[in-house]
Amino acid sequence: MTALPVLQVEDLSVEFRTRSGVVRALEGVNLSVAKGETVAIVGESGSGKSVTAYAVMGILDPAARVTSGRALLRGMDMMALGAADRAELCGREIAMIFQNPRTALNPIRPVGRQIADVLLRHANVPRSEASRRAVDLLRAVGITDPVRRAKAYPVEMSGGMCQRVMIAIALAAKPSLLIADEPTTGLDVTTQAVIMDLIGQLAGQGGMATILITHDLALAGQRADRIVVMHAGHVIENAHTRDLLERPMHPYTAELIAATPDRAGRLEDLAAIPGTLPDLRRTDLPPCRYSQRCARKLEVCDGPLPRRTPTASRTVACWNPLP
Amino acid sequence: MSSVTATLRQARYVIGENPVTGIAFGLFVLIAVTALLGPALVPIDPLASDTAAALQPPSLRHLFGTDQLGRDLFSRVIVATRLDFSIALASVVLVFLIGGLAGIAAGFLGGWVDRIVGRIADTIMAFPLFVLAMGIVAALGNTVQNIVIATAIVNFPLYARVARAEARVRREAGYIEAARLSGNGEWRILALQVLPNVFPLLAVQMSLTMGYAILNAAGLSFIGLGVRPPTAEWGIMVAEGAAFIVSGEWWIAAFPGAALMVAVFCFNLLGDGLRDVVDPRRRT
Amino acid sequence: MTALLEVNDLNKHFGAARPRGAFRDWLAGRPTRTPQIHAVDGISFTINKGETLGLVGESGCGKSTLVRVLARLIDPSAGAIRLSGRDLAQIPARRFAKDPDRVRIQMVFQDAGESINPRFTAFDAIADPLRRLKRLRGEALSTKVEQAAQQCGLPTALLDRYPHQLSGGQRARVGIARAVGVEPDLLVLDEPTAALDVSVQVVILQLLEQLQRKFGMSYLFVSHDLSVVRLICDRVLVMYLGKIVEVGPARAVFEKPLHPYTQALAAAVPRLDDRSAGRLRLIGEPMSPIDPDPNRCRFHGRCPNGTDVCTSRMPVLDTTFGERSVACHLADQSRAA
């Protein structure tokens, strides 16, 4: 690895304090994203993929605590910064788009102004220029008649258009990293394709790194260079997309692929993943949180979780990976 | 765990969190008990005049003093509790029935029902509420029943509005559609599925309205449109006692006035506490 | 294949907001016309006994409206809905709850949590239709509820729980048990697995297929997830702006779509094994459903093809390709399945 990765997460662990116990939401999460790379974080609900992103951005719930680990943005340790500096850095360098575009936008402010706000705050654009640049951005994300639309409110726009606006806001300050948290869930598949094309195209133009968080393995397979699979707060496999999908090593990854409708020929060919997610509030969680559901469990799996690197670009957290 | 148990647990939690609610609740129980048992336990007949003992300040024998006719004020205040409390209770039950049900029907069924209820509510709201209450009592006559009716009418728009809003929201809920698929007719759905969800919010409103109802009755009596003497009622006692404040016999108006204040205060605090208990945001 | 449900020329129009220029019209003595949203326009199709018919289309195409009209929750503006020959559209929705045919069409909702009264336990939810439609009480009722729960893989111990105490998958099972307990002939499923994790989705889909085989029900399966539709449906209807644009066997429709909209839809689905997925992309937004031109194809403008005939005549669903039909003037005759 020659260049410094844009984002490097090292051994990140996060806990939530709730009325019914402490939830060990993340444990020892490692991942890195290089310049221009698209990394997909894939997992079911409760796997911790969104928590990872929020921890990096510093927007975790007040009940959450980062108990260990670092998040390095171009080499700079974000957790070591004070809250104000961190917010400044995050605002400039990282942008995030969320699942429900309409709720992520301010409903009582015209969309053009919302884009202009970011330009003024983070891109040092003079006030006189901001509106014009906002319109340019709207055009760049494919919104027709941008001059008129800039004065519109989110409620007047469709889901797909709102998502484009959110992308415009995200890219206004030309960040080095874009985090997209389930950006197309709830959108039609045709709109989804267009939005993902747009993200890919804009990312390519600026050499921006992208983290795509999704539960849709097929979407990840189509758009990402590399896939990180998470289960119950652990990263269990991290590999190039084609390698992961053609030769999954972790049993959970294989099960996830087998449960995805896309590849199956008939309904009978789909296989459900056995067992359920462990309760992350338990104090007696086994080191491998998949072991209790795993068909390939060995005795050694009761011991500490390994982090194998079978090839330079692949890690798998398993004692008994698939051959 | 049934939903009743869950609600009771929540209630206990709320009372524990906020001691004021607990105090209000205790006070409410005290008032209720006084209303129930008071008249049977008073030491002196509240209607018995004893002109020789008129205008005496509070003493051991007459805890609140005596009024201009020598009647024991303590007994009168206690006995009045029953009347005022009954007026308040009757008013809120009546307005819940007519306003709440009208509002639910308007919100859920829509159409002409909604329009009619809306127009009635608008008409009522066009008048200053107390003036309207005065007008109704003046027209129908100075009886306790009419005070109750007037209070209920005057509060109708508020209840109808709250109930309508809730019913409207519920109307589109998935489980309402499911109920229709299951063969439930519209009225059945209204009664069994919508009403139980709307009732808690109205219950909060009812507690607040009780305070208003007492003040309304007291106000009407104060200007002579409410109960007539010699009936013991807080408002009328304040009215009678007002004339004597200037000459120094403050106790005749002060004690009934204090009772009024305590009761209204209690109902309002209770309403706030109830809101904490039934607020949907507390759902686990 | 015997037909169970025949839908004929079904329309559902909603009045849009206040008509513009109403006052001016009144002054001039003209009758005012409220603009109509054509949510469902001239739709005809058949569902056969025991088959699973898929219904796909983007949001706003009218599939939710269509489904609610079919389930008799709302009334159509025109058209017939014949269940075993009897036209259900003649009975107003308000009164259909008491109709003996009510039990024959049931529905499973997208968000199972929303579709169960939060104050009902799982038992209450499953028991309600059995009480109302099958008139079961007491012992007979409890037995049937438990049976329905077991058939749907819901442990009877969970029957006392409230919806918020159940997981997403368990709630979905309650919704299914409730609908299936009364043994309907037609089950409408409105995106039943949309809110579920992929692993739970598998289990629920397999359960649905198993129940269908056991009870011989027909399914109308609405979904935006084409990979799922391809697996579970026998035939599929593709809907666009209130009209059906293509009908055919599920696999054939997605592997060799005939209508340009279906082609774009199929190209847009993310495929695990195809990195350079179809580049056919739809631009722009669908046209307005308010008072659309009856002589113009609704897809014109967004369609990559398009000739003069597309603006002068509405294409009709043409059944000249055997099992497949498509409503497009330019559909390639030689591409019949």
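Residue numbering begins at 1 within each chain, and the chains themselves are lettered A, B and C in the order written.
Methods note: a residue touches a chain if its C-beta (ideal position, glycine included) is under 8 Å from a C-beta of that chain, and two chains touch if they have at least 3 such contacts.
The structure displayed is predicted, hence computed values, not measured ones.
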Length of the shortest touching-chain route, subunit A through to subunit B: 2
Busiest interface, counted in C-beta pairs: A-C
Distance-maximising chain from subunit B - centres being C-alpha averages: A
Central subunit by CA centre of mass proxy: C
Euclidean distance of C-alpha centroids - subunit A vs subunit B, Å: 55
Centroid spacing, where centroids are CA-atom means, of subunit A and subunit C in whole angstrom: 33
Between subunit B and subunit C, centroid-to-centroid distance (C-alpha), Å: 50
Residues of subunit A that touch subunit C when the two form their complex: 44-45, 144, 158-161, 188-194, 197, 215-219, 221-223, 241-242, 245, 255-257, 259-264, 266-268, 270-273
In the complex with subunit C, residue positions of subunit B that touch it: 3, 173-175, 177-186, 193, 196-197, 283-284
Complex contact set, residues of subunit C against subunit A: 58-59, 197-203, 205-206, 209, 224-228, 230-232, 264-265, 267-275, 277, 281-285
Parts of subunit C lying in touch with subunit B, wherever the complex brings them together: 68, 71, 73, 93-94, 97-98, 102-103, 105-107, 109, 111, 114-120, 125, 128-129, 132-133, 162, 164, 178-179
